[in-house]
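After this come two complexes, each holding subunit A, first together with subunit B and then together with subunit C.
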Partner chain A sequence: MISQEFEFHAPKQLSEALNLLQRYGDDAKVLAGGMSLVPLMTLGLLQPKVVVSFNHIRELDYVNEDKGMLRIGAMTRHSTIRANPLIGRHCPLLSEAASYVGDVQVRHRGTIGGSVAHADPAADYPPVMLVVGAQVKLQSAKGERVVKMENFLKGLMQTDLLPGELLTEIQIPKLPDGAGSSYQRLHRVEGNFAIVNAAAVIEKGFKSARLGLGGVGETAILVDVTKRLGKGVNDEALRGVSDDAYAASHDAYGDLNGDADYRKAMARIYAQRVTKAAAARMS
Partner chain B sequence: MKYIGEEILGLPNRQLAAGKGQFVGDVQLDGMLYMAVVRSPYAHARIRGINTKPAEEVPGVQYVMTGKEAFERMNSITESYDTAAMGAKSVKWYALCPERVRFVGEAVAAVVAEDKYNARKAADLIEVDYEELPVAHDPEEAMKPGAPLVEPDWGDNIMVTRDFLRGDPDKAFAEADGTISGVVKAQRYTGAAIEPRGYVADYDPFKDMLTFWASTQNPHPMRVFLAETLGIPETSIRVIQPNVGGGFGLKIPTFQEEPLLAYLARKLARPIKWIEERTENFLVGGHAREERLYYEAAYTKDGRVTGLRAKVIADVGAPSALVGWGMSFVTAYCIPTVYKIENCRVQLFTVVTNKCPWNAYRGYGKEAASFLMDRVMDGVAQATGIDRAEVRLKNFIQPDEFPFPQVSGAMIDSGNYQATLSRVLEMIDYKSFPKMQEEARKQGRFIGLGIGQELTPEGCSMPRSTMLSGYDGCTVRVNPSGQVTVLTGVTSPGSGNETGIAQIVADTLGADIKTIKVLQGDTDTCPYGLGNYSSRSIIMGGAAAQVSATEIREKMFKVASKMLEVAPADLDSEDGKISVKGAPTRFVLFKDVASTVYRDCYGKYACDVEPGLEATRYFRHPNVYHQPEIQGRFSAYPSWPNGVAACIAEVDPETGFIKIIRYCAVHDAGRIVNPLMAQANLHGGIVQGFGGAMYENLVYDEAGQLKTATFMDYTIPTAADVPSLDVEHMETLSPFNPLGCKGVGESGVTGPLGALCSAVENALPHLKLNFNETPLTPNRVWQEIQRAQQRGN
Partner chain C sequence: MKVPVKVTVNKKNYNVEVDTRMILADMLRDELRLTGTHIGCGTGSCGACTVMLNGHTVKSCCILAADADGQEITTIEGLSTGAQHLHPIQEAFVENQGLQCGYCTPGMVLSTLQLLTDKPNPTEDEIRHGIAGNLCRCTGYQFIVKSIQEAAKTINSKPAASKPAAAVSSRG
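The block that comes next holds the complex of A and B.
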């Protein structure tokens, strides 16, 4: 139960919303899909003075293709991400990741912007965002800036967002022709966060190979494994990928779903699995 | 019989599917207030003082109550399981703790306000000054001298012990070809019903009547408990059970909030509502299962188990008035389950700690006994090289040996364990499995098969108990126009016994089932009865309904025999007609007979029967004895349904992840009144069993803080995580029950424990894994695989 009183705003225009964020600064919390904010408030872990809902701002719900780039509005729901044909064609691993978020109800309410801005270390999108070279558009009443995902994710549930700023758009370069990609996760029950998740994109001819790992550090981690795959996917290359993933997971945390040693070991396994799967999808 | 044995759709289905069920949360009364509870943040602390002033200043707050008032104005909460009758230690537990808290979440103060938000807000403002006390966290540590005491007056942390002995175990061990030993560990977990607890209390001072709506399983006993705890007459209380969204035993009284809310409603003469939050439910809604079972078994080289020593250590949390601690007794009581082991010693240590008290949870301790025996049988199979199924077949109690007295005094009524096991092995194609396993291995997949045997005694009947004394009542009333009202003492938490009872009454009377209305869960309309626990609603409630309906039928046959001019013995009834046997065209309508009784009581047909067509009768089960013999043993469970599961699971050795590929179960609960409902119960039980085997865990840290108070951390399986289940029934009728029924409600929940542990071991035979502990989380399975590989297996 949310027993604390708070001020609530539900603007219809982005400009109006940004003005509200400007006015209230740190006191304001943004309500997107509410899949993280509402539980935190219900448990009394977060007691914001002001809640600004973005659910009525239609202009933030879109998926566009623009000059080699997918532009996704922050208020686009996971269910849309999962089913959108543009995303399916140009960034299929994002559709795969969206299909794992929460459960059916969560996917219909939760938004990509909300999830990325919440920056949970085991969320589904961050590893994908890292391997595809995504960037985020951050807007405030004073202006806007674009930040690369690896710079946006700062730490455990910490991002580069400043008070008064809102993540309004996610920009994803279309995967190059012939690239193979994969997203996989290890989880205990439907609806639960991943213990470890991993994404990979391998360019045609192994020109480049990037690996994203979640659940093994305070933020998702990007690992460039291009050198490991110089001769394609073989046992030695996979061992190398696995060692890189393990080394990158040195700060893995432990919780009731998996201790740190387990997470590190799973980083090895899932790094290999997504690498193999991405390579197999490469043309 | 036209209806018994048929798949009749649940009578409340349409109402519930339409969203028109009335749950306690739906109860809205004029002027209703809301209660919020202040709970201890410490596992063990002395209350030095409470400042309620900040709460009193919150707008809309009507009343603030602390433990002092509960202590001065109320009695301690009546025990729902009589400790004295069981020789167990007890505590005086109050609706609010007056001076000491013994687990995180225990209630210390309450606020009543105009709305639930301000009630909560005010409750959060109450300042309690605590002096922290040392915490008993681990049951075995808590047994040692010098451990922090949960109840200083007790002198130790042991609530009750038992020592059951049969034969000469020492001799059996000395003469054995071999022995095995180990410890089986079950984690703490709970039922997590979709609807948490909730109550609404309303008091009319002019009628001196307290109406209490409760998401409970036992309205009548709850009325007794409320009357005793509040010190008011039972006749001034009406308990109403609306629709209940799952009970699983956890909604059996008595909790602190029940008398607390009733007291406050009387005090303020206003209706008050309290609906539990999910996190509260995890903290205080009753826990179960946390047990360690040390075992040693002696065997012959041909696979017979000749001796067993078992020591059960149960961590039942803090002592309270709840029935949960009895589960530890039942674990010891069931060992060695379906096996005939001549030389047996079973010791029980029921230990209290500073954790949430146990409350009853589907399985009620029986699951741990069966889990233990699965591990023993698999261990003997491993040690002797004899097939796992073969070892079980060699040790089963034989079908002609029933009723069979177990070491604890239990009298097992009937069973055919050979037949159920043989059938489940056929279903899963046991003979072909090695080939299947080899094929999978070639593809790099590791699959294993496990067997999980279960024995779930039902109809619990405990001596000198308000709630568990083991009988039930039913009123059958044929109305003037021939429709039938059935009022039951048992209740349904959503499991469908109202439908089963309608089937029994329809068949007994020969009435059309559409003319039968079953009403449950209201102490003002239903006959006294003990409600829903221990799968008793058909075995006790169904039998009581049958006895009452039989009395009415006999009366109606007497009248019909005059109308048809034949002897009553020559009559039969079906489909709303009473007809002459062998001459179906000679009949009178059921409703015409009813009309005659009600409208023409001085007339020639009905003048020699008593007016009215109503009977209230009670049923007591013949297979119970309470006069203790040597060792204080008595037989508390009349009915012994059983089953066996066979499961094929795939293990990913790289991740420790388990996927259940196939799950077959054969279940024997005697006569099945409604196969559809029985199937649904089994499905629910099996999935809760998967939860216990693989997912669910209530984790406390050493300070006694619960780390798993949301569904984020307390993982329960969903439909997406569960394979299709293949369940069959066999019907070995109970010789003691008029319908031969044995009870279904707790079945299915046990099989997954043994079956999955066994399947995982079997999937990776080269590693010689040994899983005696649940839950089988991927992390743990992976760890065990790593260790085995390091050992060089």
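The block that comes next holds the complex of A and C.
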């Protein structure tokens, strides 16, 4: 049982929910899937005075196509992300990332919005979102704004969300025709957070090549390796990609799953693996 | 703070009042006396608290009881009317020694139901991934996997009309 008392609200409309967040400001915590928030409350690590559940607001659970972009509602569950055909066609590495989040039960309840707002440094979506140039829509009772993913992630589990603001939509540019992509991660226990993870998108003809790395810094990191792949994916190119990944991981943290040196060494490996895999899928 | 919760559990309607701090697992166990749902880690890792919410397995220790208002839940008690009328999955676990202490078993059986609903003929790999959210400290999983394989065989060999129902309707 959670020990600290709190007010609970379960609005049915987004506008009602935003008004609640506006009213309570810093005292309120958003409850999406609850796969992070509820355990944190059970352990007493978070003690919000007010909890606003978004589980009864249907309007935030969607995957829509909007010209060159996919719009994904924040309350879309990981299991939906994993299986959705639009995502599978236009951004398959997002489906790949979703398949690694937790386990079957976690994926039925956890949401992309909740996960991205929680901003764990080793979470599965951020490296993918960085590498595809995703944006997030933030709404409050006062208005809305769209922020690029690289500007949204601010620090260790810190985002650009202001009090009263809610992440309502994730905007994913469709991958260009012929681009190859891959998402891979290192974990020792299925369902745990990754120790290190990596995403790559390589445009047709090696026009551009970018990596997203997680687990090697306070936030996921974007690394442009286009120059390294000028002559394609040969040994020299992979050594260059490996060095770039290592350099980008200079702020890697250490914990019981791996110290900083280990994470930096694994960043080298996973950067190369996703580069090779993405290049192989390029047409 | 207390809030009213209207919930359908195993096709029966309940109206209860719960403290906002109560988690769904505790509501099922303490308020509704459905003690088949177990609490292991209490923080979303072990899966002993697995129930079906609107037709999909979830970990009930990570859901606030208040948040279950208006929802449909299936617990392990919803799978059979008693020891004489076990669900084919439960029978398979008994026949193939898919349990020792039994603590993880209700969650394991519900995850099996979810798996066989999604993939009626799972490979061993798919089985192991399908139950990755349910930890067992006794068995080493080998006989659990066997139980699931046998359950799949039994269910698939029945004519469609008499196949045991999956959980309640899936989410819209």
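As a convention for this text, the second predicted complex is superposed on the first by the 283 of 283 C-alpha atoms of A that agree within 3 Å, B and C clash if a C-alpha of one lies under 4 Å from a C-alpha of the other, contacts with A are read in each partner's own complex, and residues count from 1 in each chain.
Everything below uses one rule, namely that a residue touches a chain if its C-beta (ideal position, glycine included) is under 8 Å from a C-beta of that chain, and two chains touch if they have at least 3 such contacts.
Note that this is a predicted model, so its numbers are computed, not measured.
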Contacts of A:265 with subunit B and subunit C, given as first, second, both or neither: first
Which of subunit B and subunit C A:56 touches, first, second, both or neither: second
Contacts of A:188 with subunit B and subunit C, given as first, second, both or neither: first
Which superposed partner A:34 touches (first subunit B, second subunit C, both, neither): second
Partner chain in contact with A:102 - subunit B first, subunit C second, else both or neither: second
Partner chain(s) touched by A:79 [first = subunit B, second = subunit C, both, neither]: second
First (subunit B), second (subunit C), both or neither touched by A:256: first
Which of subunit B and subunit C A:10 touches, first, second, both or neither: second
Common interface positions of subunit A, toward subunit B and toward subunit C: 1-5, 39, 43, 103, 190-191
Contact footprint of subunit A on subunit C as seen in their complex: 1, 3, 19-23, 26, 42-45, 47, 50, 53, 56-59, 61-64, 66-67, 69-70, 111, 114-115, 129-130, 132-133
Touching residues on subunit A, where the partner in the complex is subunit B: 1-5, 39, 43-44, 103, 186, 188-193, 195, 255-259, 262, 265-266, 269
Subunit A to subunit C touching residues, read off their complex: 1-8, 10, 31, 33-35, 38-39, 42-43, 51, 53, 55-56, 79, 102-106, 108-109, 190-191
Interface residues, subunit B side, partner subunit A - complex: 116-118, 120-121, 124, 277, 279, 654-655, 657, 695, 697, 699, 707-708, 710, 712-713, 715-721, 777-779, 782-783
